[in-house]
Structure formats: structure tokens, C-alpha cells
Amino acid sequence: MKAFGQKTWLIPDTFLHSVSRSEEDKSHEAICVLNTGTRDAIIKLTLFFEDREPCRDFSARCGAMRTHHIRMDRLRTVDGRGIPVDTPYAVLVESDVPIVVQYSRLDTSAAEMALMTTIAFGVD
Amino acid sequence: MKAFGQKTWLIPDTFLHSVSRSEEDKSHEAICVLNTGTRDAIIKLTLFFEDREPCRDFSARCGAMRTHHIRMDRLRTVDGRGIPVDTPYAVLVESDVPIVVQYSRLDTSAAEMALMTTIAFGVD
Amino acid sequence: MKAFGQKTWLIPDTFLHSVSRSEEDKSHEAICVLNTGTRDAIIKLTLFFEDREPCRDFSARCGAMRTHHIRMDRLRTVDGRGIPVDTPYAVLVESDVPIVVQYSRLDTSAAEMALMTTIAFGVD
Amino acid sequence: MKAFGQKTWLIPDTFLHSVSRSEEDKSHEAICVLNTGTRDAIIKLTLFFEDREPCRDFSARCGAMRTHHIRMDRLRTVDGRGIPVDTPYAVLVESDVPIVVQYSRLDTSAAEMALMTTIAFGVD
């Protein structure tokens, strides 16, 4: 199948709330990747902050003809660090093959939950 | 009227929650199609997963100068199967005529409800 | 100021819930228009349905260098009809000058409220 | 790093609710900017209204290789005025270097909260 999409995607508004209603309904963000092509995607994630240098220590993969809903709260660097919580950040997603990227956030810091989503900004 | 839009659309973040507050307020997703042209649209839906081969068994139609809010929870294959619940997936929408596609999700798994929407990613 | 945007915009997922928590917090949709140019915008709205012919009886205006958050629940035809409630529909927005269009929905049919928004699909 | 994005962005639907559940969970909007380039971004914000002239008194900055989640409820003009509350408005974002812009709103006017987001409309 054709590899639809683009190789570079940007998400200016990412934020992981440290408070959740419960362990089952955890506040989380997902960078959702769709790879319709026949080659696996190797994905570099660069995190940008308001007051410090970018962090290039996170990466992910998405198999050929697969989706990967990358849960940012579960993502770890090779030395075991997670992403910072309660910190405004932004993400640059770079893949070696074309992909499509959508960003979604579920917030359960209140008793009920709130959802938001958008297709990321893609660059050729 | 002119057939506005594109023939190929991608939605990386789809997910059907199995829990709903009530039968009237069922958690659901809709792939909303607008066909402004004068020919009916025949629509192939390919579902992508995180850990198995894509599924090409779902399809839909949208009449000429009509909209179709395709309720994913009601969609069935010819042999009566529905889409998997509580499973991260992604959708490739392919139409034989230009259409515009927007994806929306209503989640009522908590007592109250949450909504999210985005125009899908369109390809010429 | 330059007239940014496009003249044709499409919104596949529109829906006006008949139930609201209260008169002050009414469930509503808004087609939000931004006209940065120096000429007023005359805006035709065509409503598409799942099971009947399109309706071309609604229109709106947006002044030069103004925004207009068109409340769909308050919009009336020249003979006083409103848009149908609890009915899936879609909207084609056509302006005589370039504009930018964003669609938002507030649902207060449950005790709490849910919000969703997206930039509409623009066509040159 | 390359300066991804565009210099002009438009957001037709902005609105700052005056009611919040609490000071910690304040209803707010954020215009989230990502500047991946090596030069700081100087950002002009022009506010458009439904019934008065545009306001050009707000501005912001985003450092090189930084993000800035511009909290509209905290933004002030040089003479200390904030943006009007409970007023439909729209925003034109103009930067001197390429950026990517996403708009998000958190509403806590009800007991629980609602979220919405979209990538803004970018112009080359």
C-alpha cells in the first residue's frame, strides 16, 4: 500500500497532567501515528520547552501497515526517564518514511474527563 | 454542484470505548462524510491496528449532495462483524469521488461526556 | 489589511442538540468567521442532510476587519425557520471575499459541558 | 535546526470565559507557539471583534528552539490592559520568523472541565 503522509510533523501544545481520577482512567496524551506504507517507521521525537534546551532523547517506532498510539506518559528514554509532567512543551515528530500524525489528550484531573484532538501540522 | 474535497483521507486516532453511560448516550465515533458532488460516493474503509494486519472488510456510501455521519459502532461487515472495541486503531478512507471527512468522538464512559473532533488528513 | 483565507469552506460534522442544561448554558454550535480584509463578506450557507435535498435558505454576513461567531441555533431563514435539531447535517460555507472558518460545538445536554473545535476544510 | 512553519496564522474562534471553578483550575485559552528555528520570534497579535475596530496592542515572544504557550488570560498591553472576557473575538498571529501555532481552550465554568484544540490556519 502507498505510504501516505509526510515525514515531519509539529505539535505546539502538549502537556501531561500529573493528576488523574484513577489508575484505569489516567490523564494521558497520545501522539497517534499511522504508517500505511510497507516499511517500518523510525520516529524521532524532539521535545521543546519554554525555558530550557530541547530534549532529543525520546524515540518510537511504527510498523509497516500499522498504527501506533504513542502514549507519552509511558514513553521512556534509554536510561529510563519519562517526560516531565505539569510542564508546557511542544513536540517535533520526524519519521524516515511518510506517516500521518494526530495528537489527542485525555484529562481526568477533574472527576469527569475532557478530550481534545487535532491532526498535527505536517511538513513535506 | 462542484464535488469539493479529496478522495483519500487518513485518521490516525480512532478508538471505540465499550463503556457508555446509557443506551441513549452511547459512547461512539463518527466518520462524517460530506459529498457535495452529483455522483454517489462509494467509500472503502481500511482499519489499521497496532499488532495485526489491516482489515479491509468495512465500507460505506454517501449519496450525491448528501452527508453521511458513519457511526463506527453500528458499522458491520457483510458477515455481521463490528469493529473491535477498546482497541487503538486508525482508518484510511478511500472514496471514488471527492469528499470531505471529519472525525468526531463522543465518550460517555464517565458520568458526563467528552467530545473531540478534527478534520481528517486529506490527500489529493 | 490583507484578506487572508479562502472563499469556500466545508464542515462535514454539524449537529444541534435539542437538550441544554439551562437557558444560559445552551447547547450550541458556532461557525466562526474571521474577515481580515477591507470589504464586508456576504456568506451563503448550504446545509446538507443524510436523507433529503440540500437547504440553501440560510445566509450571514461578516463585516470588514470583523469576526462573526455565527450561532447556528439563532440563525433564521427570511421566513423565520431555524435549522433542524437532533439531525446530522453538514455545511458548505461560501463567501464572496476570502475568510477563515472554524467550527465549534458546546454540548450541555449532560449536567456538565463538552467542547469540540476544528478549523474547517478550506478550498481555494 | 530548521525553522518549520509559517509566519501568519489565524484563529477565528477565541473566547475567554470569566467564570472558573477555582483559581487553580482557571478557565483559560492558550495560543501555543513552537519556534524550531535559531532566531527568536517577535509575535504581533491582532484581535478582531464583532462590533468594534481591531485591537493591535498585544504582542508576545517565543525564543529560538523554544515553545511558548501564550496564556491569553495573563497577556497584558504595555499599559496593563487584559483581553476582554465573555466577548467573541478572533486572532491574527504574525511572526517575523516561521512558527507553528495551535489554539486550545480549557473551560471550567461548569463544575467539571471541557477542552478543545485545533492547529490554527496557517498562511505562507
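Each chain carries a letter (A, B, C and D) given by its place in the written order, and its residues are counted from 1.
Quick note on the criterion: contacts are C-beta pairs under 8 Å (C-beta built on N, C-alpha and C of every residue); 3 or more make two chains touch, one makes a residue touch a chain.
The structure displayed is predicted, hence computed values, not measured ones.
A rotation of 90° superposes the C-alpha trace of chain B on that of chain C, rounded to the nearest 5. Averaging C-alpha coordinates per chain and comparing to chain A, the farthest chain turns out to be C. As for how the two copies chain C and chain D face one another, under half of their interface residue numbers coincide.
Chain C and chain D have Cα centroids separated by 22 Å.
Rounded to a whole number, the gap between the C-alpha centres of chain B and chain D is 31 angstrom. Within chain C, the positions touching two or more other chains are listed as 111-112, 114-119. Residues 1, 4-5, 21, 25, 30, 32-36, 65-69, 100-102, 104, 106, 108, 111-119, 122 of chain C are the ones that touch chain D when the two sit in their complex.
Across the interface of their complex, chain A is touched by residues 8, 10-13, 15, 48-51, 53-54, 88-90, 92, 105, 107, 109-112, 114-121, 123 of chain B.
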